[in-house]
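Heads up, the next two complexes both have chain A, just with different partners, chain B and then chain C.
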Partner chain A sequence: MNALSPLERKLASAAQTSLLDVRDLHTHFLTDTGTVKAVNGVSFQIGRGERVAIVGESGSGKSAMAMSLLRLLAYPGKVVSGQINLDGRDLNQMSERQLNQIRGGEVGTIFQDPMSSLDPVMKISNQMVPPIMRHLRISREKALAEAISWLDRVGIPDAARRIDGYPFEMSGGMRQRVMIAMALSCKPQLVIADEPTTALDVTIQAQIVELLRELTEETGTAMIFITHDLGLVARFAHKVGVMYAGKLVEFGPVKDIFAHPSHPYTQSLLDTIPPVDQPERRRLAQIPGFPPDMKVPVVGCAFKERCAAAHKQCFETAPKLSSRGPGHTAACWRPEGLGTARHLNAELVPSMVSNTEDPVVVEIFNLHKHFVGRSVLPWRVPPTVRAVNGISLSIRKGETLGVVGESGCGKSTVARLLLGLDPATSGDIYVEGMAQMVFQDPASSFNPKMKLSDIIGEPLVVTGWGTRAERGDRIRELLTQVGLDEGYMQRYPSQLSGGQRQRVAIARALALKPSVVVADEPTSALDVSVRAQIINLMVDLKHQLRVSFVFISHDLLTVSYISDRIAVMYLGEVVEYGLTDEVFRNPTHPYTQALIAAVPIPDPVAEEARTKKPLSGELPSPLNLPLGCAFASRCPKATDYCRAEKPALRALSPTRDTACHYAN
Partner chain B sequence: MLTYSFKRLAQLFVTILGVVTLVFFTMRMIPGDPISAMAGDNLSGAALDQMREQMGLTEPLLLQYLKYLGSIAMLDFGNTVTTKLPIVQLILGALPVTVTIAVGTILLTVLISIPLGTLAAYMAHKGNRALDNIITGAAMVLDLMPSFWTSLVCLLVFSLVLGWFPASGMVSLDDPGQLLRRVTLPIVVLSMAQIATMARITRTSVLEVLNEDYVRTARSMGWSELRVLFRHALKNAALPIVTVVGLSFGNLLNGTVIVEFIFTLPGIGNLLVGGINSRDYQMVQTLILFYAMIFVVINFATDLIYRVFDPRVQF
Partner chain C sequence: MTQEAIVLPSRRPFDLAWLHQNGIVRALGNRRIQLALAILGPILFLTVFRPLLPIQGPLQTNLREMMQPPSFQHLFGTDKMGRDLVSRTLAGVQISVFVGFAVAALALVLGLVMGTLAGFFGGIIDRVMMTITDIFLAFPSLLLAIGLVSVLGTGMVPVVLAISLSDVPRFIRLQRSLVLSLRTRAYIDAARTVKASQLWLMTRHIIPNTVAPLLVAASIAAANAILVEAGLSFLGLGIMPPAPSLGNLIRDGQSYLEQAWWISTLPGAVILLIAISLHFLSDGIRQVLDPRSHK
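And now, the complex of A and B:
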């Protein structure tokens, strides 16, 4: 805190003449059923070249706030009042025509989903060049050269040719690079990035974040960064604003917020994240209850119902932001927030529940799944996608196996094969007892017209399990096991929250007492606080029922928290396999090393110390796999030997297998 | 692209063969034949039978069918039964009137319905329900009026009462002014039915696109609403609209038959009505074959136009 780096000093002086000064911003959505007060009095400042992260759960109003700044809200959203001063001009007082000079010019915007944010029927050049001509007032030739140079800077190979292509010819990561190039091409002073990496894989996310940091630092562009990933905040931001129920509840320098969070919500959010590199595992903090309904006026503090430290005053008057240190403010009546009620020394979770004595319940041997396409000409070899290309795994009773890898590595295909949803091309799968599945999106995996008792009881009915009364008892028992009460039996899926739906999905999977439950990204669609609840539930079930789990996820922190063993997959193959703690502490395969390095950890001090050399390139097409090591094209250590000879998965130690020639 | 064209050509043959067969047999299921229709009550049974034998109408049906297929294969479409004129020549003579009506209708429809539908979609998108409701409501009313009825109303109002457009009279290609006056009312009548459908499809399609992320991206780059609407939204919304334009050509083939009859225009629709009335098998078969070909060709053209609007469409 006392020794400021040169950059921090520069920022401190720049902040005195702030670039953006938002004062008491109110945004409402005028829906048929009432007015949703999505943004309810937000004020903050951003200095030149400063990166400010806004975090919060879905529905906290963070995106509505960001979109309000440039009036990009969709109907029925409307900025009701407030000032948005950019360099001394109030954007909220401007006409559409005046604002259109600012949009894309002085303020660039990057959106969440690169797959849908570029016009699919327009060439990249037609989307990039006209805005440059307009905002920088230069000729078409100069603008085209400028656009090409930007594409080059964001790392689009062969930019001069690719600019005449269409977005659908590019991968998601490439499209997000184009989006960044577009947003920065008119030399903005401020960039608004709304969850710019949420839709991307962790390695691509690391590349994009690094790119954004480099470019904004080079050009001195300030940035508002909307995210729900606290790890990214730690990696990237100078300052953090935490939003809850349409208000900023805490705002301050990133290190200060992570070291001394003072609002109960910030404190709880930080405690819901699985910790990194801890010798023992503790239960994750849960935030009970739900965010308030924004259609109903809130009396007192909006967080009071979910706050362990709430007292009389919290129910009467809403606290205002007050100082907690230099530049650090929080809206809580208690200076220390949760204080002693904070979840710091929660009960320990026994780390390993299975041992070598336990029987093996799942054995996969040399499994292959090839999807053969149709070739136009009969004599030509049809294109074949080798989604799973020879993997062998085994799971003991009560053990949790985590499967990680980028999208397209074949992890979901393995799950489908394990359940027998697809036939394997070759290889053996042996399952002792039964395998069941929990899907990523519980909302779409339930029949919306069925009651929960019917949804959970369906597997029982199908297999003719017990009498009607016995089935009723079993359903009640299952509901209790997943932490729901009997009253839920008569409800419909639409009456549940995301977390409750996932609980029901788990109950349904457990109905027939399976030996293994395959969970494919079960927490990806959930908010952080709810995610912690589901993870805690799965850990409890693991202990109570001694059921084995296969936990498939791209979220390495969650996988490392819940799994006993971990299998790292790359292009249909397992490249590293071992005990979770060992793999995370000492990864031996270059891909595992890169994956772990790419995961942002929610600690700004630790993040600063880490080397940030993101893995280059993207997952190659599984259509034509290379002859040698599949990872050689992206591997920093690759040699000609790697390209010629494929490394086999070999035992480095009794508990570790790695497929790399140079691992030791 | 080449394989695609071959596939489509093969489909075309199957379609045409189906149509030809269907028409051949249904025509013969209608009571009466060309001879009795031509003769009326004037000739005796024996004379009629003799004429039938001369024309090959007494041969087994299957043999007649095969002979007919053989003659089409050699592109011989024959002469009309009644007037003995070559059918192809008759069709070519009547075609310009019908084409003028069809193309005029499509142009008028597109020019009115696409801006109207886009405007309705934009209003709905911005939450201005009133104007959207007026446009969609008016479209619905137009859609519910059958064209034979609107034809008669238009005739009554514009031809008989106001006298702006002649209700009958010569039509000649050499006098475009005259032709235009004669086809204006039919075009208006046919457009009324088409505008409703197309405006509604445009509205739905554009409204959906306006909620897409890339439209927001275009706004975030500082483009005006007009440019966002026409450069980004409409181009992306074009595919369903193109489909409907293609399909509406099919509806128009129906529609021209009715309006040509009511407005007494010498187009191919009138030829068809005449042919059916006189049980002129040869005439009807050839005309239907012709209609089927137009339909197939338009479908093919629609698919090619997709590619212009959406580069993602692959053949």
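And now, the complex of A and C:
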């Protein structure tokens, strides 16, 4: 770069007056087995009032980087070198005491888990008021008034009373609102939010994101937003930084990055997400291999082993961030990264027209599951949670049924009933053949003391299937089907990555050739690139083996990609049921509409055009369900009739059932 | 579909599988276990090879050399009957160590079985067992052992039974809590979906995963049993004289503490060493078997 263009000069001068200017930040974790270089030379600038999203897979160093800014890392993490200039002062040179003036004052923080980031034994007021007094130097009374007004602004009803409550009296969404109020109450110039909505349901996430956007815009607060959800980035951020192996590999304005990603990693990440509007389904891109071991020094580009476009130079010298447009930089030797033609390589997934001739393999009729608690007084009626409240579904051979809904809607309970793990209170379940399960948490789904051959072979041994040699052959066949080789038979689960574990879980589920496999959030614990691998695998198996899947998830994009039919659940009931593409294009139930509107889509232009009116309120307690429609308390269209009379699931068209009085 | 590279993730050296294969190697590399073995090893070696040592037998008296202070010939001195205290201490260690390990093994097995049943089946079995263990736990274990010995009589077998019975409730409690936390694991559900029997679930999935914490508890129980046995013998309720248990030796020397301090003190120091090394051992086992607690 010899002569600066006028635009670049303007940007350079903006950088001088930027709010936060991080230069060559290095953070190491000094573990027993070696130094993990979690942040390996990160530089970026944030202007006032700018919202910057930092994305990357787990282990990319994004959280370590954010925590380093305020030196919030616990031992063995340590900021080794770098400048962190906030308004011209280097935070890295400050003493702990000086830094405490900044923390919570000029820079607020919001953490991921609202359940553990508030002190459970302190009243909200005691957690909010002293920091306000200290940082704004005002009296207790004024600080209390300020705190109440902030709680009011973040949408806590009856704030003056709730401020004297304890965190356990609030739901997760409420607590995250309190965290936001705390972070903003000292009028910070910058807020660092580490995955602030990951632990929340989609409709609550939409509320929180909307709230954060409104409030930061109002107060002119800049924000660093750590996330792995590219949809949220598109909805929320001005700028995006993509991190890989402790380095920023791409940084730029959000629209630019989504429209013209130029680093192969960014390109692959964007391609792993199921597209929203899909006349035809293409295989999702998957990133092969694993991120590098951060204890070992990386020669050349850290992404080279996983990059299709890697060439000699990539193995020798690490590329530096170089300009790809106004304010847009990427660290890749190739100007185009993988190139723009990469989409054309993606294979088409043959569409499976669901055939009404196919036999029904699962039939659920009027299923109920009530959990009866113990009553306070013996003669009182005990409290009853109606987790599943009369649902009827059927699944044909080879069909994939997606079940979506927020946590507490009863979708996992349906899965357990279907598998016979819990007895139903009433209703009928008919399964032709066998139902098997793939669990959510790959860490706890295997006995850590068993080898993979024993894990996959367990169903065979238990049911007395074949001889030892036949079982061995079957295990090898299963491993091949899920894309693992024989060498894995002697491994233990702890030696596998999350994606490999989920493959093994699928192999175990398929061992006895079940007619239906129930997958309860099988991809929610996985990183996006691995998620794409598992989804591709399930799509392949669905076609090869003609096995039916029940895919339970709160991730609507994934469900819509993989399912033929979809059932939307709310408070133990199915409120809408139909062909996936139809339901997504034209949702008829107000809850489905709200759910689809709440899902952020990874396209900033489309996001801008969408109306953002998040669903208000939270899921009512399933302990005392309302008399009428369960959704009436949150429904924008609810009338007195809805509150009095419960709508039944009725057929709107041959392929669509909806439980709403006003749907048409 | 097979694009995921088949790479062995080499960056998790502390996982259980690796331990499985290299458990013993790793255990010997642990600092605490090394320390424990450095103390226990020589003591046990001398105990085993005592008959070959050029010293008097533990019961052999020598009235010409009564109450001799420690010397070259009698490293720990002699007692009021002129018996060599090194020899008697080593014989006592033999009894103590046997009692310690017998108690630990018995308590572990009983606790494992009953705790697994209580935790796995719950309901009425659980409630009955927990009530009984709670009653047992309300008494100090030494007091309980004294009570049981007075019913069962004295001698080696009653002592072992008494001490292990007073330890069992603790093991039941521990095992039950471990089982309760394992019972809801996804792999148990996975096995249940293929109609695995209760026995299969317990023996294949639950018990193997509770062994590590139980071993830790057992090594502490062994140390405790050695102390309790010494206590019982000291009170005259344990191993009957002239058999030289460590508690008996301390009791013998008790009345001569002012004239011959060595009679009680040196066997006492040996008990202390054994108890401490067993605690180190249990700490070491915990560190080795629990990958998370690695410093």
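Basically, the second predicted complex is superposed on the first by the 641 of 664 C-alpha atoms of A that agree within 3 Å, B and C clash if a C-alpha of one lies under 4 Å from a C-alpha of the other, contacts with A are read in each partner's own complex, and residues count from 1 in each chain.
Rule of thumb we're sticking to: a contact is a pair of C-beta atoms (placed from the backbone, for glycine too) under 8 Å apart; a residue touches a chain by one contact, two chains touch by 3 or more.
Everything quoted here is computed from the prediction, not taken from an experiment.
Participant: Following superposition onto chain A, is the placement of chain B relative to chain C best described as a clash or a fit?
Facilitator: Overlaying the two complexes on chain A (C-alpha atoms) leaves chain C and chain B fitting together cleanly.
Participant: Give one of first, second, both or neither to describe whether A:Q101 is in contact with chain B, with chain C, with both, or with none.
Facilitator: A:Q101: touches chain B, not chain C.
Participant: Determine, under the contact definition given at the top, whether A:A606 touches first (chain B), second (chain C), both, or neither.
Facilitator: Touch partners of A:A606: none, neither chain B nor chain C.
Participant: If you stack the two complexes on chain A, which partner ends up touching A:I429: first (chain B), second (chain C), both, or neither?
Facilitator: A:I429: touches no partner chain.
Participant: Quick one: name whichever of chain B and chain C touches more residues of chain A.
Facilitator: Greater contact footprint in residues on chain A: C.
Participant: Which partner chains sit in contact with A:Q533 here, chain B, chain C, both or neither? Use first/second/both/neither.
Facilitator: Second partner only.
Participant: May I ask you to decide whether A:S497 touches chain B, chain C, both, or neither, giving the answer as first, second, both or neither?
Facilitator: Touch status of A:S497: second partner only.
Participant: Quick one: classify A:Q286 as touching chain B (first), chain C (second), both or neither.
Facilitator: A:Q286 contacts chain C only, not chain B.
Participant: Rounding to a multiple of 10°, what is the angle at chain A's Cα centre between the Cα centres of chain B and chain C in the superposition?
Facilitator: 30
Participant: Using only CA atoms and the superposition described at the top, report the least gap between chain B and chain C in Å.
Facilitator: Chain B and chain C, overlaid via chain A, are at closest 7 Å apart by C-alpha.
Participant: Sort out for me which residues of chain C touch chain A in the complex.
Facilitator: 1-13, 15-18, 20, 185-187, 189-197, 200, 204-205, 208-209, 294-295
Participant: Along chain A, where are the residues that touch chain C in the complex?
Facilitator: Where chain A meets chain C, its residues are 32-33, 286, 288-290, 293, 295, 305, 416, 419-421, 435-437, 439-441, 444-450, 455, 458-459, 462-463, 483-485, 487, 491-497, 499-500, 503, 508, 512, 533, 536-537, 540.
Participant: Please give the residue numbers of chain B that touch chain A in the complex, ascending.
Facilitator: 3, 125-127, 211-214, 216-225, 231-232, 235-236, 309-312
Participant: Write out the stretch or stretches of chain A touching chain B in their complex.
Facilitator: 70, 72, 74-76, 96-97, 99-105, 108-109, 111-113, 116-122, 131, 134-135, 166, 168, 179, 182, 376
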